[in-house]
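Going by the order they are written in, the chains are A, B, C and D; count residues from 1 in each one.
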Amino acid sequence: MSDPEKDMREWWRSEIIEMEPGIIRYRGYAIEDLIGNISFSQMIWLLLRGELPDKAEAELLDIALMSAVDHGPQAPSIAIARMAATCGVGLNNAMASALNVLGDVHGGAGEQAVELYCKIAENDDFERSAETAVTAEIDRYLENSGPYLPGFGHRFHPVDPRAPRLLEMVDRAARQGIVSGRFAAIGRQIEVELEQRKGKRIPMNIDGATAVIYAELGFPAALARGLFCLSRSVGILAHAWEQIQQGGRNKGPLPRQYLWHYDGPASRSVPTDD
Amino acid sequence: MSDPEKDMREWWRSEIIEMEPGIIRYRGYAIEDLIGNISFSQMIWLLLRGELPDKAEAELLDIALMSAVDHGPQAPSIAIARMAATCGVGLNNAMASALNVLGDVHGGAGEQAVELYCKIAENDDFERSAETAVTAEIDRYLENSGPYLPGFGHRFHPVDPRAPRLLEMVDRAARQGIVSGRFAAIGRQIEVELEQRKGKRIPMNIDGATAVIYAELGFPAALARGLFCLSRSVGILAHAWEQIQQGGRNKGPLPRQYLWHYDGPASRSVPTDD
Amino acid sequence: MSDPEKDMREWWRSEIIEMEPGIIRYRGYAIEDLIGNISFSQMIWLLLRGELPDKAEAELLDIALMSAVDHGPQAPSIAIARMAATCGVGLNNAMASALNVLGDVHGGAGEQAVELYCKIAENDDFERSAETAVTAEIDRYLENSGPYLPGFGHRFHPVDPRAPRLLEMVDRAARQGIVSGRFAAIGRQIEVELEQRKGKRIPMNIDGATAVIYAELGFPAALARGLFCLSRSVGILAHAWEQIQQGGRNKGPLPRQYLWHYDGPASRSVPTDD
Amino acid sequence: MSDPEKDMREWWRSEIIEMEPGIIRYRGYAIEDLIGNISFSQMIWLLLRGELPDKAEAELLDIALMSAVDHGPQAPSIAIARMAATCGVGLNNAMASALNVLGDVHGGAGEQAVELYCKIAENDDFERSAETAVTAEIDRYLENSGPYLPGFGHRFHPVDPRAPRLLEMVDRAARQGIVSGRFAAIGRQIEVELEQRKGKRIPMNIDGATAVIYAELGFPAALARGLFCLSRSVGILAHAWEQIQQGGRNKGPLPRQYLWHYDGPASRSVPTDD
């Protein structure tokens, strides 16, 4: 028999949050006990994963989050945030228009890199020879998903200054037994393999390096994109805010006096019916 | 006593649409009767206003909608649509990021102009002297809401080519008894008054002219923004689509090799704790 | 040699719109000549396709656009528009949050149906036997893309009342020589084939029927989604506006007193470090 | 004379980030020096404020950020994220549609509370008598901005469990000389005043308490909304992700079988032209 109240209460289900009047618990922990005892990064982990990380794990997550906040106004997301801020919308709206474009191309490389690393780690040959597994999965990737490996190479930076430093952080955590170091090794082996194939270094970039951290910490690939969104939202907010302080109304992409190049039909008359 | 089923059914209420299995009615009209008998513009009117317009009214609405579809890639909304289209998101997402910035500054002038026209029409002096009412409300506007009248003047077009043609359409409709022509007269009187005040013509622009149409047709001011959003969505879609066909990945606002001007602190060392 | 002005002017290119001070041309046509001479639907076609349709083609496009405007507050897009309207954002923002979710699942069926129809029409067997081509492509689709054919069947309507009426419109246009009628025939043959396979009718729905129109009119599949976005934006706007008039603040999905079902960990203590 | 390269380079200006090939500096600090030496919260502060906070300040910011991450699926933002996640869009898109609705009503109370606190602190009477300043500014607020004080009272929680705990954290920081404690005192005095006026406690809520922290740390009011957006994005992401794992397609607000209440015109015929 139909029970409307039950239908209604069960339409939305969550393991994240429980509420009663005066009570808020996240994953079973009362909010007043969490406040002051766990960090923002630990909270992010708790909400996404269901259990509290220990402090060292959360510190590594914190490092990944702080390292990818911004890449300047030439990035479409940042330019969008700044343009939106001059159009008479709220900060939340400017942030949303920008965050929205962190799609497969602009925000997906971390997710794709975690997927690639995980396939390598799960390859039958991996335990015996990481090199063999890397070679096999790169072959497979290049055949199925196009010419560029996600997380390697950068069109602006010959060496992305964030990547080696992030790998240092992973190495330190591995020495301390916080993570296995397996994905850092995979990432480095990809660099070696790419250099052999291309005859020049195609070094790991920020997406490849944060993907190493997310993989080491056990995040599923899809959350690498989510975490990047949280991280990049900081730069998006900062640039929207800076633009608001600079002022401007309806700021376009280029200085106003330089119009786009029109390459359509020449001026013509609207045909009449007769 | 609590009745969960009633609570649930009444949580969302609508006068727009009624559904049963196999039946869809908009404002009481069965969809299969509407299809083929009313136009897209009539449907827009029906959903927003509750009753069907006659064909002549709908044609005037159609004219306002078709006239404001695009103003090129220097407009933030269009640039955002094009950039978004290179970031690996869907067409709907590219459209949403762009539509989202049609805020008070980029999309609000039509709404503000309808408000201004309506205040003039409701001014006590209006019936006796439109000039007096226009003067009084312009004074009030300039005192309370800043230096520019919404709907007049354009930073690019000395004369916005859309405005005089749209007023012609309103005049024709007024002659045919479809609208009163009162708001066209108000708009023209504002132009006269502005020219006297500034010593040069500040002609009506697209927002001022579509606002005349929306006011003549009895749309509330807030819907002038909504209708502009529907109209501009067409250009947003066309540019997103053109950009997809042109290709590109993570297209920024300026040619790649021209970075922004940095005017923050010079290179410095991160302070250490001790 | 580098030419910054050229770099800048060519960074954005468009065949859609040309502007000079006082001049706006869409696809070569001056806007003041278009206003009053072409309809909103003709303008949509012109911007998306590059050339003006004749009136009969535009009328068929108009019919597709007017038929898909709304499916009520149980649709996620409409619910989102209404909730957003109670959160203190602009109409444009409420529309954007809603439009944004017309993704592969909520807004993609029309696009997928056009793709399917076009594959059938391009199948080698099609000219000889439409039945054979339909069978082959349905086999292929079900094998590669999951259990449901886009555009057929409806979880609420046993027969979607929009589909047969839209097919009537296509038939009429085919009799008048405006379209070929080929895609209507394909759609109907899919219905026949599905009934044979499933032992019951799985009738064409709104997405399948508008896809017939878009395919008949020669729109690429991707634009079927874009056109659906334009169409559904009308209902999104109407519901956001109705909600604003109803009032409410932070309206959630369910009546306030019915919380979600929590099925996570029971109340527990935050672990301490020692 | 016109200098296109200069025009281009100066069109976008930023004090936040400087880049050269291989070099990324935020506010003058090289990214590789920041990684591992400052936390995510310190980075947020650096990007928004221009200078590094000391660790104690950043910890207080961290506490505010971690405390407001989620309020469950009855909040429109969270419901939107979950619905969007079933519509075939990316995680970034689901997050954007949700973040977008953190407008004046759903996301603005913190900003409004910071403004109120700052007006009280700047009131001429404040140094002599905080009580007098609080009374005066509450009078002014209630007269100009409607019946509810932002940051006080909650429609669900008799006492918001986050607020007293957050004030404890501020008190501790004040005792340590990290902040002045002035805004905590203002917030508490507002509670006293409200109780006297209403005859019952209207306790501070999460927005009022995080506003105390943001005001104590010297953030401008507008950034209180920005920081809330960063914080709530965590819950938005967690719920979108949970919904993805639960599955579902086009999940509406209510169980499918309960339609909305239609209260528009009864079924009627479409009028014909003659």
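In this text, a residue touches a chain if its C-beta (ideal position, glycine included) is under 8 Å from a C-beta of that chain, and two chains touch if they have at least 3 such contacts.
Remember, it's a predicted structure, so these values are computed and weren't measured experimentally.
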Quiz prompt | Contact-connected components, chain B excluded, all else fixed in place | solution = one piece
Exercise. Sort out for me whether B-D or B-C is joined by the greater number of C-beta contact pairs.
Key: B-C
Practice problem: Using mean Cα positions as chain centres, tell me which chain lies farthest from chain D. | Solution: C
Quiz item: Could you state the distance in Å from the CA-based centre of chain B to that of chain D?
Solution: 29
Quiz prompt | Inter-centroid spacing, chain C versus chain B (mean Cα positions, whole Å) | solution = 22
Exercise. Quick one: which residues in chain D touch 2 or more of the other chains?
Key: 4-5, 7-8, 11-17, 19, 30, 34, 38, 72-74, 79, 89-90, 92-93, 96-97, 100-104, 107-108, 156, 253-255, 258-260
Self-check item: In the complex with chain C, residue positions of chain D that touch it
Solution: 4-5, 7-8, 72-77, 79-80, 83-84, 86-89, 93-94, 96-98, 100-108, 155-156, 249-254, 256, 259-260
Quiz item: In the complex formed with chain A, which residues of chain C make contact?
Solution: 5, 8-19, 25, 27-30, 33-34, 37-38, 50, 52, 55, 89-90, 92-93, 96-97, 100, 253-255, 258-273
Quiz prompt | Of all residues in chain C, those that touch chain B in their complex | solution = 2, 4, 7-8, 11-17, 19, 21-24, 26, 30-32, 34-36, 38-44, 47-48, 62-63, 65-67, 69-74, 79, 82, 90-93, 95-97, 99-104, 107-108, 156-162, 164-166, 168-169, 222-223, 225-226, 229-231, 233-235, 237-242, 244, 246, 254-255, 257-258
